[in-house]
């Protein structure tokens, strides 16, 4: 926590450059021995629909190639939710720094959506904090994805496995 | 596994550019939804010595600022060990691609030593495989580090926690 | 009691509102009472809050449960389970 | 039986060899027998293999335990626990 810019949380439409973000984190935390980074990307296929919803909007949901993803969020609440998640992680692991960037708006297939990078003295803290932040982001941060393909669009369904992933952190330790 | 260059394992003296490596992995695995990356860095402090060894070579071990790290390895065995670790990870998780780069020779404080990047459809596989590879690398790949400071140098001691981290994968699943 | 209500994602499209300001009658003082009151607007609203799909609620940017109470000037939001990351 | 022995890291510095070719007498056919035979070279060697510090062994690039057997032409390596990453 030596440098003010060791903690960076941002919601933005603009692309980010992964190498640049990791270099910035590394330079802001010169004591770091371990940096772990997660990048979430727009897949080039539609995500599988829940059975209850399959074909409701669009007979083609669940298969076919995806053109883009539209990401909506709740301005004001999003920033608070991301900060709260980061604070929980910092209370649980000895983090030196963090970069958390989530994009919004229209993103083309294969574009990066989210970057979470954690910096710590040792690898275990960096790995666990990074996975923790992603698991909480998936269930607590107000973002919604809509997939757009040649034959229509549909909202991505929340996955039960994401809620389970978060719950595991409550039982751990 | 669509692209031959989705799997890249390398031991090298040269620095690597993290952004470039991650872009290469992303481009080689266009179906990826998740990329997880670990970077191990030369810390700017001496690592703590084991009690049994403290001050044996050098009264200053265990504290003071570190100038550089010298990394020795066992050519021939190293490459085999890294490939074997990567194969174990690929057998256990549905990986789309992997980059594993370990540097050797003299590295200055804060220089990156090792990069492990895993690419998968979903984040859990990418996170677990990346952590698994690092845990096995720490105990199975024949690298040895010597820390060099203003008042001398000393070999880094193996940490019991690294062996424990590896053992946990044998009990899991 | 006056509150602002925001709608997001699929719910915004279903109700065709992104936000509105409403004056609540006496007795509508919790999330569940608000859902019930909004259900009286017609078929679309009734179906939205009939429990067939999950609708999350936030008050002033904090996720809350059904029994959370409303205060004058609150910003309430309704949205589906989140899908970011 | 002729084998090549390699030494790494702290062990290389202690014995002052990085590699050597040796002709083993009959009966020296395992890692533990080789350690014992090398210990006969003097104080430095004896201390190295007396169990006070861990010495790992590999045969032809594979980590092995003390009871692993040697064959003609094998490349044997002795080194401390690894510390990469």
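The first chain written gets the first letter, and so on, giving A, B, C and D; residue counts start at 1 in each chain.
Here is the rule we go by: contacts are C-beta pairs under 8 Å (C-beta built on N, C-alpha and C of every residue); 3 or more make two chains touch, one makes a residue touch a chain.
Note that the structure is a prediction, hence the values are computed from the model and not measured.
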Chain at maximum distance from subunit B, centres defined as averaged CA atoms: C
Computed distance of Cα centres, subunit D from subunit C, in Å: 73
Centre-of-Cα separation between subunit D and subunit B, whole angstrom: 26
Computed distance of Cα centres, subunit C from subunit B, in Å: 49
Subunit A residues counted as touching two or more neighbouring chains: 40, 123, 134
In subunit D, residues with contacts to at least two other chains: 85
Interchain contacts (touch definition) - all pairs: A-B, A-C, B-D
Subunit A - residues contacting subunit C, complex: 40, 71-74, 76-77, 80-81, 102, 113-114, 134, 137-146, 155-158
Subunit A-touching residues of subunit B, taken from the complex the two chains share: 17-20, 22-23, 26, 30-41, 43-45, 110, 121, 123-124, 126-127, 130-131, 134, 165
Sites on subunit D touched by subunit B in the complex: 6, 8-10, 54, 58, 61-63, 77, 79-85
